[in-house]
C-alpha cells in the first residue's frame, strides 16, 4: 500500500518550507584542490545543484604550444598535471614520436616505464593524502607526503628537479640514472611496502572513512563512459579499461613483457595477486570508496612494475639514446595519442606542418572530463559529501585549465 | 584566608571578601588561559609527534614551549576584522559569550577536596547547564558573521550540541545516582580509597556509560571526529570563518578550556576525582579534610591527581583528533540518537538495578579509609559526616559568586 | 534608602518580577513576529517565577518561609517545565504557520476572518 | 571597568559603612534582567531579541541563586535558556532571508502598549510594597554572609516531587509524617507534567513532521499565497 | 568491421554524411559534412557494430595564414577544422572524424560558424564544446549551455584563432 503511494509522482514530500541558498565553494576553499569554484545551490545541508566554474589557472598552454618547438613544449607539459609531471612528459613525447615515427632504445623504454610508474605512485600518494584531508583527517596526508618526499628525492637525483622534471623527452630521456640509484630505489620500495598497510588501516578500512565514502557519489559505468571519464574514476565504476594494455601500439609496446593487473573489479572481485583489504559491505561499485581503492591498488601494481623495470633496465646493456634536437622539424600530418596517466587518460593532439613548430597543439586532460561529471554526482548529496566526491575524482586544476 | 585578612590585617570585611573573590577569579581565569596555552602547545607537539614531525622547536628553547605565547602576541597584534554585512554588536559579543560560559562552568568544578570556586549542592547540574551555553556564542557568531559558511557551522553546532546534551545528561545522572547527591565535592569524596571505588569500576553498566560519556563529551565540545561546526574541508572554518585576532583566540580558548572542563568532569564523576588510584594519604593516616598544613598538602596532591586525569583526557581527545576522519552531520546525529541515547538509557536502568540488587557494591574492598556510603549530605543525618561539617560551618564556605577556597 | 547597604527583601524581588511581567506583556502586545510573542510569554512566566521563588525563599523571608518549605521552588520548577513544553508546541505551530503562509507575522494569521 | 566598579563600591562603602554583598549582586542581576527584558521589547531583529532574552533569563537565574533556590536556578539555565536557544535557532533559520529580519510594529501599537504596560506596572509595584512583611528583610539577614545556603534544596525538592516532604514544617518539627497530616508532595503534578511533556513532544513532532501532500494541492496553496517561497 | 565496409554502412545510414576519407594517415580519419556531424555521431554511438560510446576529444584547428606569401604556398584555403576523436570501450578502437567549417559564418568577420552539437550523444561533449567555443569560436547549435569555460565570461575574441590579437588591456590589467 505504502509502496503505491511512494511511487505516485503527484505526491511529494515536503519538510519545513525553506529557501534555497547559493553558496560559493571556492575558488579559495580548502578542499577544492586548487582554484576550482563550485557554485552550490543548497537547501539547508542538501545540495540540489552544483556548477563547477573553471579557468582560474588557465595559462594558454595550447597557444604556447603553437609558438615553441616540440621539445621546447616539454616544460609546459610539466605544468599540466604537476603532481605527475613525468607522465605528462611521457604522453607528449610519445605523441611527437608517433608523428615523427621515432623508436626509442630498449634501455630508454625500460627507464621510461620505471620513471612513469614511479611517478604514478607519487601522484596517487598525493591523491590519497589529500583525500584524507578532505574527510577531515590530517595525519595520513603527512604520512603520504613523507613517502612522496622520498620518491621526489630519487627523482631529484635522476634529473635535478623535484616537481617539474622535463626528464622524459622526445626521443628518450635527458639523462641516464646516476650510479647507485637503482639500489636506493629498491630500498625505498622495500621500505614502502609495509607502509601501505598503514594507509589501509588509517583510511581504506577505517570505519568512519568507509561510512563517509561507501555509497557516496555512485557513478554508473554507462555514465562514466558517456562523460568520458577515465583512469581510476572509470575503473572505480567497474569498466575494465587501461590504456597501458588497451591503448595504441606505440604506447602498449612500452609495456611489452611487463606483467601487471588492471586494478578493476571484475567478476565481483578485485585482482588477487596481493593481499588487499576486503571490500566493505556498504560499498557500491562506482562510489567514492571504490575510486579511492582503485588508486591504492594501482600503487601496488606500479610498485610491481617498477621492480620489473629495474630488472629489465639493469639487464639492458645498450645505449640510452639521444633525444632529438630542440629544433627538429616535424613532418606534416596530425596525430592523437592517449596515455594512461595517474589521473586518467591524457591525450595530446598534434598537427605538424613541416616546420619545427607545431601548427596546433591540443591537450585533452583526464581531470577535465572527470570533473564534468561532478554536477551529476553531487545531485542531492550533503555539503559534507561534496569534498568527498571532489576528492575521490582526484583532480588537478593545472591539468583542467591548462 | 578572608578571615585572616579581616582579623589579623584588619581590613574591612567587604574589602577582604572582594580581594579574595578577585584572587579566586584570577586563579580560575589563569588556569583557563594558562591551561589553554599549554594545551595549544601540547596539541602542536602531540600532533607533530603523531605525524612524524617535530612541531615547534625554537620559540622559548628546544621544545618551543613559548610558541603559544608568541602566537598569542601575534593574535593580539592582528587587525580585528569584521565583515561589512555583519551584525556588529552580536559579532563582537559572541566570542565573549562562549568564553564566559566556559569560564563560568569552571566555578563549579572542584579541583580537590573543597578546592572549588563555589560549592553548590547542584554542582553537576550547574556545570552542565552553563557549559551548554557555550553553543550560544557559536550560534551568535555564525549568525552575525553574515557568511553562509558561518551560518552552516552555527546550525550544525546547534543541532549537534542540543542533541548530545540528552545522552550526556543521562550519563551524568548515573554517578549522581550512585552518590546520592549532585554536589561534585561529595561525589568526588565518595570515590575515595582504592581505584576500585571509582564509579567507572562500580559495575559493568557504569563502565559502559563512561565510554558513552567520553563520546558525548567529545561531541559536545566539538572535537574531531565531531568537529563539524568548524569542518575546515567543508565549511572553510565554520562559525569562526570571519573572525580574526583576539576574538578568534577567545573562541579557541573557550574550546580548549571546555575540553579541559569535560575531562575534569569525567575525572570527578567517574575516575575518582582528586583521589589517586592508591589511597597513599589515608594509608599513611593523613586526611585532606583537616584544615592544617598536612590537610592542605594532601589537597595539593589531590589537585595534582585531578589535573593529571583531566590532562590525560585532553591528550586522548587530541589523539582521537589526529587519527580519525570526520563524521558527516547525519552520521553525527545517528550516533547520538540511535546509539548513544539508547545505550545511555539502558545503562542507566542497568546501573539503577545494580544499585538495587547490590546496595553495598560487589567490589567492596575495605581499604581502611572512608567507605562509600558513609558520607551523606549532612543535613539529613545531622552532624557527624564530613559533608555535614562542610555545610554546617559557614565560615569554611565563603559564599560569594566567585569566592573560592582555592585561595587558601 | 541605600540599595547597596540595606538588605534586600521580598519586595525588591517582587519589583523585578513586576518589571519582567510587564515587559513580557508589552512584548506580547507589541510584537508582530510570532517568535517575538513567544518571547513575551517566556518573559511573563519568568516574572512569575521570580515571585514564586522570592515568596518561598528562606534567605529572604527567614522563618516565615519555612512554613512554605519548598513549595515556591516546586511551583517555579513546574512553570519552567510547562514553559518549555509551551515553547515546543508554539514553535511547532509557528513553523506550520510559516509553512503555509511563508511568514511569521501574526497579523497575517487571519484565515478565519470572514 | 572592574576598577571603576571597585571605586564606586568603595565610595559607597565609605558613605554607608559597608556593602551588603547580597544587595550588591541583587542589584546587578536585577538591573541586568530588567534592562535586557526592556531591550527584548525594543529590539526589532529576532535574533537580537532572543539574545537579550537569553541574557535576561540568565540574570534571573542569578537571582534564583541569590535567593537560595539553587536547583531552580540551574534548572532555569538548563531548560529555560536551552529552550530559548531553540527559539534563537528558529529565529536564525527564519530570518536568514531578508524580509523577515525585522517586522516593524506600528507606532500607534507601541504607544498603546506603553500606556497599558505602564498602568500594569504601577499596579504591580503598588502591590509589591503593600505587604509590610515583604518589605523588610529577615532579622538575621544582615549577619548572614551572602549566598549562604540555609539548607540544600536539591534533595528535598526531588523528594517532594516523588511525594515525600522533608522540608517546611516537617523540617521545623511542627508536623511529622507519623501524624498523617503532612502536606502532600508533588507526585501527582510531577506525573502529570511528565505525561504532558511526552504529549507535547509527540504533538510538536507531529505538527512539524514531514508532510505528504498531493502536488496539485501544493499548486493551489501556492496560488492562494501568491506563490511566495 | 573495418575500412571500406564500415564506411559503406556509415554512408548508408547517413546519406551524404561522409565527404572524404584518409585511411593512410597515422590516425585514419573520415571527413564529415558539418551539418551531418550530429547524425553521424549518433549513428556511430548507437550502431551495435561500431559502438563508439566514448568521445575523447574535440579540437578545432584554425587553418589560416596571415602572411600572404606563405598563404599562397600553403596549399589550402583558410578554414576551421573540427576534429573529433572517438573511442569504443568495447572494441577498443578509435576513430577520427574531421569536419571543415568556414572561419566565419557567412564570411562576416567576428561571427563564429555553426555546427550541430553532439551533447545529446556524449555528455562529455558539453565541456569540450564549450572549450572549443571559448578558445576557437565555433557555435554548437543545440548545446544546452554554451558559455565560455576557461576564459572570463566577458572575454573578447577567440584566443586559439591564428589571427587573434591579445587585448591591450583587460579591466585595467595590461595585456601586452
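Think of it as A, B, C, D and E in the order they're written, each chain with its own count starting at 1.
Heads up, the rule we're going with is that contacts are C-beta pairs under 8 Å (C-beta built on N, C-alpha and C of every residue); 3 or more make two chains touch, one makes a residue touch a chain.
In this text the structure is predicted, and so the values were computed from the model without any measurement.
Novice: Among all the other chains, which ones are in touch with both chain A and chain E?
Specialist: Touching chain A as well as chain E, we find no chain at all.
Novice: Looking at C-D and B-D, which pair shares more C-beta contacts?
Specialist: Result of the comparison of C-D and B-D: C-D.
Novice: Any idea which chain sits dead centre by C-alpha averages?
Specialist: So the chain sitting closest to the middle is B.
Novice: When the centre of a chain is set as the mean of its C-alpha atoms, what distance in Å lies between chain C and chain E?
Specialist: About 74 Å, centre to centre.
Novice: Could you put a whole-Å number on the gap between the CA centroids of chain B and chain C?
Specialist: 32
Novice: So the centre of each chain is just the mean of its C-alpha atoms; given that, what is the distance between chain A and chain D in Å?
Specialist: Each chain reduced to its C-alpha mean, chain A and chain D end up 61 Å apart.
Novice: Counting only residues that touch at least 2 other chains, which ones in chain B make the list?
Specialist: As it turns out, chain B has residues touching two or more other chains at 155.
Novice: If you look at chain A, which of its residues touch at least two other chains?
Specialist: Residues 14, 16-17, 21 of chain A touch two or more partner chains.
Novice: Spell out, as numbers or ranges, the residues of chain E touching 2 or more other chains.
Specialist: If we look for residues of chain E contacting two or more partner chains, we find none.
Novice: Enumerate the contact residues on chain C facing chain D in the complex.
Specialist: Within the complex, chain C contacts chain D at residues 2-27, 29-33, 35-36, 38-40, 42-43, 46, 49-50, 53-54, 56-64, 66-74, 76-78, 80-85, 87-89, 91-96, 98, 100-105.
Novice: Over in the complex, which chain A residues touch chain E? Could you list them?
Specialist: 54-55, 58, 60, 62-63, 98-99, 223, 225-228, 239, 241, 246, 248, 333-336, 338, 345, 347, 349, 351, 359-360, 362, 364, 368-369, 372-373, 376, 401-402
Novice: Going by the contact rule at the top, pick out the chain A residues touching chain B in the complex.
Specialist: It comes out as residues 21, 23, 29-31, 44-45, 132-139, 142-143, 146, 202-203, 206, 208-209, 211-212, 382-387.
Novice: Taking the touch rule as given, give the residues of chain D at its contact with chain C in the complex, in rising order.
Specialist: 9, 12-13, 15-20, 22-24, 26-27, 30, 33-34, 37-38, 40-41, 46, 49-50, 53, 56-57, 60, 63-64, 66-69, 71-72, 75-76, 79-80, 83-84, 86-87, 90-91, 94, 100, 103-105, 109-110, 112-114, 116-117, 120-121, 124-125, 127-129, 131, 133-142, 144, 148, 150-151, 153, 156-157, 160-161, 165, 167-172, 183, 186, 189, 193, 196-197, 200-201, 203-208, 221, 225, 228-229
Novice: Contact residues on chain B for chain A in the complex?
Specialist: By the definition above, chain B touches chain A via 47, 50-53, 148-149, 152, 155-156, 224-225, 227-228, 231-236, 322-331.
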